[in-house]
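Down below are the structures I want you to see.
One chain, subunit A, appears in both complexes that follow, with subunit B as partner in the first and subunit C in the second.
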Partner chain A sequence: MQSFFQTLVSGLSFGAVYALVALGFSLVYRTMGLVNFAHGAVLMIGAYVASTFYLSARLPFAVAVPAAMIVTGAVGLVIERVLRPLENKDFDLMLIGTIGAGTVLDAVAILIWSSSGRGVPSPVQTAPFDIGGVRIPAYNVLVIGVTAAAMAVLTLFLQRTRHGAAMQAVAMDHEAATAVGIHVGRSNAISFAIGAALAALAGALVGPMLYVTPTMGDSLGIQGFAAAILGGFGSIPGAIVGGLGIGVIGSFAAQSFQGYSDLVTFVVFTVLVMIRPTGIFGERTVNRA
Partner chain B sequence: MSRRPRYRLVSAAAAAAAALVAAACSAPGSSQPSSGSTSSGAAAGPIKIAVVDAQSGSESDLGQFEWRGVKLAVDQANAAGGIDGRKIQLTLYDDQGDPTVGTELARKIASAGDIAMFGTAESAVTLAMAPILESEHIPNITSGQSTQLLALHSPYLFLNGPTGLTYDSTLAKYLVTTKGYKKIAMLTNNDSYGAGEDEAFTASLKSLGITPVATEVVPADQTNMTPALTAIRAKNPQVLFIGAEEAQSGLIVKQARALGMTAVIAEGAPAGTPLYMSTAGVANANGTIVSSPYLGNDVSPAARKFAAAYTAAYGTAPELHGAKAYDGAEVMIAALKACNACTGLALANAIRAVHYAGLLGNFRYNSSGVGIFATSIGIITDGKIKPAG
Partner chain C sequence: MSRLWSLWSPGRARAGGLVVLAVAAWLLPYRLNIYWISVADTAILFALLAVGMGLVMGIAGQVNLAQIAFFGVGAYATAILTTRDGFGFWTAGALAMLAAVIAGLVVGLPALRIQSHYLGIVTLGLAVAFIDWITNAPITGGDSGISGIPTPPLFGIDLASQYLYYYLELIVFAGGLAFGLFIVRTPLGRRMRAMRDDPLAASAVGVEIRMLRMAAFVLASVYGGAAGVLYAGLVHYIAPETFSIADMFLLLAMVIIGGRQSLAGCVIGAIGLTVVQQELINLAAYAQLGYGLVVVAVVVFAPAGLVGIPGRAAAWYRRWRGHTGRAAALEPFRPLPAAPPSPGSAGGALLEVAGLVMRFRGVTAIDDVSLTVREGEILGIVGPNGSGKTTLFNVISGLYRPTAGTVSLGGRVISGAGPHRICQLGVARTFQHLRLFGNLTVADNMLVPLDRTRTWWSWRYIGWPPGVWRHDRELKWRAASLLGCFGLAQFAGLLPGSLPYGIQRRLELARAMASSPRLLLLDEPAAGLNGEERSQLAAIVRSIRDSGVTVVLIEHNMGLVMSLCERVIVLDSGTVIAEGVPAQVARDPAVLEAYLGKSALPAPHATEASP
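Let's turn to the complex of A and B:
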């Protein structure tokens, strides 16, 4: 029983990170109708920037992370601006454009930080919580808490603010949105920037749990993407549920199937998606073509 | 548009296409006389040697270490006059840690005129490249340590360190015979290095009459090792043997300690690197038992001299992989001097004939390409490796 809960807890901790990644995917899809394939690379940039602020500039972790989110959000703005001519014109090319942007970010990261990675010490030095033999590192609790807060803030933003509503209007019908005075380009820019900031948050938080390298975005991006699909692509609560789901499935697969855990995780994912193709909180797909 | 301009346009395009196809059809570099063949440029000009390693991707650290070690030795040799007045010219190729890219590079360096190769630091890539290098008669000194390399029986392949079996048998002997540990658990990954470690260490334990109390395998890119560690923790081992690369090993230790496991960590070469220590955290890495032929930069005057030169050149202190690469390069340089910059099988035989007292020990190559047959045991104390008492 103890081993069951231990496995569950570690699955939830990583699941929270996947949930943050999925949030970024879902947000950009929900407001722009675009699957952003640069998301994993943006996460990696966020992780590097945050660890640079934390380790080299010696800023407190709680300052380094928001600073990294702002810097990476700016990177997101640049990417959106570069791809803007393709918006509303050729959707597939824009998609490919994001793949290209990801490749550029990978190369830039190696230029700036070299291809060797860096370990990030945990900013929370308190002893792990021990509940009936199940050990929960304090930092993991922090990550889960921050993820929950991010989801709450994002939901409030989308539902209660003008900008949030505008972003969703653009996704539903960009011509009508323009007709009522919404600047589509600016709205998309904000959306992309927030998505990038979420990726940076995920990257910054996952740094102390793992190891920051130029390729870290690849597997985290795939897991987050799968999580977003599982929860319903475009759905904010779906991203959280999907992320936690992938994390927990992966954890239990690792326990029972050892070296084949990745295989099992994605087989389970495939079966679930075949049963319910639109995902758990399945939303109508956004039609931007 | 009338018919005639279009006809001209089409035939011009066809002619251009034909010219392009003709140009592309000549194999790159194969018919160039200046690629170091036996005609006029052979006895003059630089000695071209390739360095093939991961310069990107997750194994790029090892690639960096190897490149620096080789370059230091070659720069020193060139500064001292080179080989009969000829300088050694190194060209660095990125294999991205991918065996397929490695095979492409093997063909590329043959046609570029490189007469020898250093690398790679991953046995999987070296294994893929070895048959091509053998058919192209290019001697290769590699940092890989898998015993599968020996199974190739290539006269052109040489290891610059001991085999994985040597690391693990020395480690097992220390743990069981010297320290008397009985409950030993194993956690390895499923890539070629981890699988090799699993096999070698299990066999070493078996020869000492010990069966591991737990054996877990994780994928090589796994980041959450807690489920596997939870299963191991339940068996209460005294020692946890790890068979994974530097970063993953560090993560394993970090997560094991977070789970409250107090088992002693034991590992081969990866635990001797600064990368392992920074990923695990110094506090968690302390106490790790390391099996390594190069315990540190203070173990001998030669090591101190090497470390000083390396630090002056690169700004960071060297570790095992840089030292192995340096020794391998010194062996190659000694062989080139002995045979007057020969190539092909003659160079391979010259390497085999070299007796070299290196940082790792005394190199004396056998017919399988192994030159070093022992490692030492160290214990990480206060972030540094100290020889075990």
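Let's turn to the complex of A and C:
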């Protein structure tokens, strides 16, 4: 039982990171109908930038992370601007365009930071909490807390601010949004930048839990994407539930099947998506003839 | 000289070019040192993989990010069967191909339910799962891989020589490419391209979407598996690093840069990128940066890839010179041959809708509708916007499964069957907003519904290719004659998007007729047509009916309904509120109320009630 809860806690901590990744995917998908395959690469860039600020520039972690978010936000703006001609036209081409952008970012990371990885020491030195024999590292609590806070801020932004409302409007009907005077391009750019900043947050947070390498974004990106689909693409509560779900599945798979955790996670994911393609909170769309 | 020039034609030029390329490929090893011959061997394998990618992604429109896994299955199965189980190379290779096909079926399975980016992530996830397995399983040797794979024996030819192996690869590749091109140009590939452009319209003209998606993945896996078997025999040693996600994206870049919708483009991309990569082998990160940037540039500026550039340049040049060809013209409609009146069936019920209910969550679009369509009549369905007319068509043609009630055609229940099945049973339709296959020529748009064979028929591609070719030639002949009937012959080679709206409407009508239906459903066929086109439409619809086809049409233009239809059914809020001959229905108080509101009831002028 104790090991069950230990596995669950570890799954939830990674799940919180996946939820952040999924949130970035979902935000961009909601507004643009686009799946950003460069999201994992942006996350990796965020992890490197944050760790560089933290380790080399010796900035406090709480400063390094927002700084990294600003840097990747700018990267997001550039990607969006380059791919803007394809928006609302050909989704498969845009998907491939973002894969290309991700390839570029991977190469840039290798050129700047070399292909060998780096470890990031945990910024929290407090001893782990002990609840009934289950040890919960303080850093994991921090990760879950920051994720929850990010979710809350994003929800408020979408529901209470003018830019947020504009993004919702674009998501529903970009032509109608244009007609009422919303600058669709700018709205998309903002959502892309926020998505990229969320990726950096996830990357910076996961840095001390994993090892920062140029390929870390592949796995995290795919897991976060799977989480977004599992929860229901475009849904914020879905991103949270999907992220935690994929985290827990992965954690138990790693414990029971050791090295085969990716195999088990993706086979389970494939089966779940086939049973319910719209995810847990997803809306069913009807083909219009 | 002029005699010589008259021998020139695009087809001959292409054939000539192919001969030159084949000779060049055959002579190539004489010019290459040992290092470059190994590069050439790798390039051919990537080209084979790319052809498979082109078929599944570019032709069938299925996002497949697991091609590298098919490659891996082929290579690992060969390695395991030869080194561990002691099979001969070719036996192992054949079994490995079988394993790759099974992998193709497994990866293709999700495509039955999901598409586009969802399919992208699932196939990528399954590729990651495969990579996870080969890096961990004892049977695959884990990280260290499998060594000691034997050289394939071949009539005493020493295939350990990379030069001679080149010829083996070249022959397999040439066969694979020829087979791929044959598929693209014949019924199977045409259906796949139709499905890529508009899966919904494709199913409505009788294409079995699910079977076709599986067939596309199986094709991709065959090419992937073949490349894997050849790779195992070439390098004798395999390890997980050859089958990484980075390699998957490299393969994707090859297909995109070359041009995904053209197999030649895929091959050019694969060979070009392999060579560039070898040139920059010491600058791998810069190479990666480069091809990433090129992929982004291609999708933004040249979506058709490198092979699309000459065509665009030529079009640009023609515009710049102000050169315009002779404009194709619409010819008059030639009445279809009238069917001999069959006394037994005329006037009997062809389509019967009984107690039909269609709900979308809380919204009831159709609420207990029952109606009968009689054999050989022209029935009009009218009603205010949102009254459920198009939903009714969607249920009849199988796009929606009704919540309750049945639809039967000639006494046989068809509700619940898929749209392709209903089309095969003799129901064709057009759409309110045109749904032509945008990247298929006008002739190809006709050829897809003309082909009434099932997907299983395609075993002939392996069993008896000349039969496929003969069938295709016959279809083309029939398409030409039907296009002639509809006056569209001069547009045969053009893309529908380049035609005026009225001609696109007529093409969609012709496409619906190409499936030789018993019942034709027309959804607002006169929308957007001018007066002359409307009267042409009326003549065409009458001729279609006289040829023995029953016609049901939804129309807002009351003038057309009054003059064309023998009987009219009025829908409002999902229920039938009136039924009868046009003049009688137009005076019905319930109809007036539905169209004009209660207060307008005493209005005396009702015959031109147009919303």
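FYI, the second predicted complex is superposed on the first by the 281 of 289 C-alpha atoms of A that agree within 3 Å, B and C clash if a C-alpha of one lies under 4 Å from a C-alpha of the other, contacts with A are read in each partner's own complex, and residues count from 1 in each chain.
Everything that follows uses one rule, which is that a contact is a pair of C-beta atoms (placed from the backbone, for glycine too) under 8 Å apart; a residue touches a chain by one contact, two chains touch by 3 or more.
Note that the structure is predicted; figures quoted are calculated from it, not measured.
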Inset, instruction - Pick one for A:210: touches subunit B only (first), subunit C only (second), both, or neither. - result: first
Inset, instruction - Using the touch definition from the top, say if A:132 reaches subunit B (first), subunit C (second), both or neither. - result: neither
Inset, instruction - Once the structures are superposed on A, label A:181 by its partner contacts, choosing first (subunit B), second (subunit C), both or neither. - result: neither
Inset, instruction - Scan A:97 for contacts with subunit B and subunit C and give back first, second, both or neither. - result: second
Inset, instruction - Please indicate which partner A:252 is in contact with in the superposed arrangement: first for subunit B, second for subunit C, both, or neither. - result: first
Inset, instruction - Look at A:110 in the shared chain and tell me whether it touches subunit B only, subunit C only, both, or neither; answer first, second, both or neither. - result: both
Inset, instruction - Answer with first, second, both or neither: which of subunit B and subunit C does A:262 touch in the superposed model? - result: both
Legend entry - Greater residue coverage of subunit A in the superposed arrangement, subunit B or subunit C: C
Inset, instruction - Tell me which partner A:226 touches in the superposition: subunit B (first), subunit C (second), both or neither. - result: second
Legend entry - Contact residues of subunit A, present in both the subunit B and the subunit C interface: 110, 115, 215, 219, 258-262
Inset, instruction - Could you pull out which subunit C residues touch subunit A in their complex? - result: 61, 63, 109-110, 112-114, 116-118, 120-122, 124-126, 128-133, 135-136, 200, 204, 245-246, 249, 252-253, 256, 285-286, 288-289, 291-296, 299-300, 303, 360, 390, 393-394, 399, 431-432, 435, 523
Legend entry - Interfacial residue positions of subunit A with respect to subunit B in the complex: 3, 6-7, 10-11, 14, 110, 114-119, 121-122, 128, 130, 135, 137, 209-211, 213-215, 219, 250-252, 254-255, 258-262
Legend entry - Footprint of subunit C on subunit A - complex, ascending: 35, 37, 82-83, 85-86, 90-97, 99-108, 110-111, 115, 215, 218-219, 222, 225-226, 229, 233, 258-263, 265-267, 269-270, 273-274, 277, 286-287, 289
Legend entry - Residue ranges of subunit B in contact with subunit A within the complex: 55-58, 60-61, 63-64, 189-190, 216-219, 221-228, 230-231, 234, 247, 250-251, 258-260, 275, 278-281
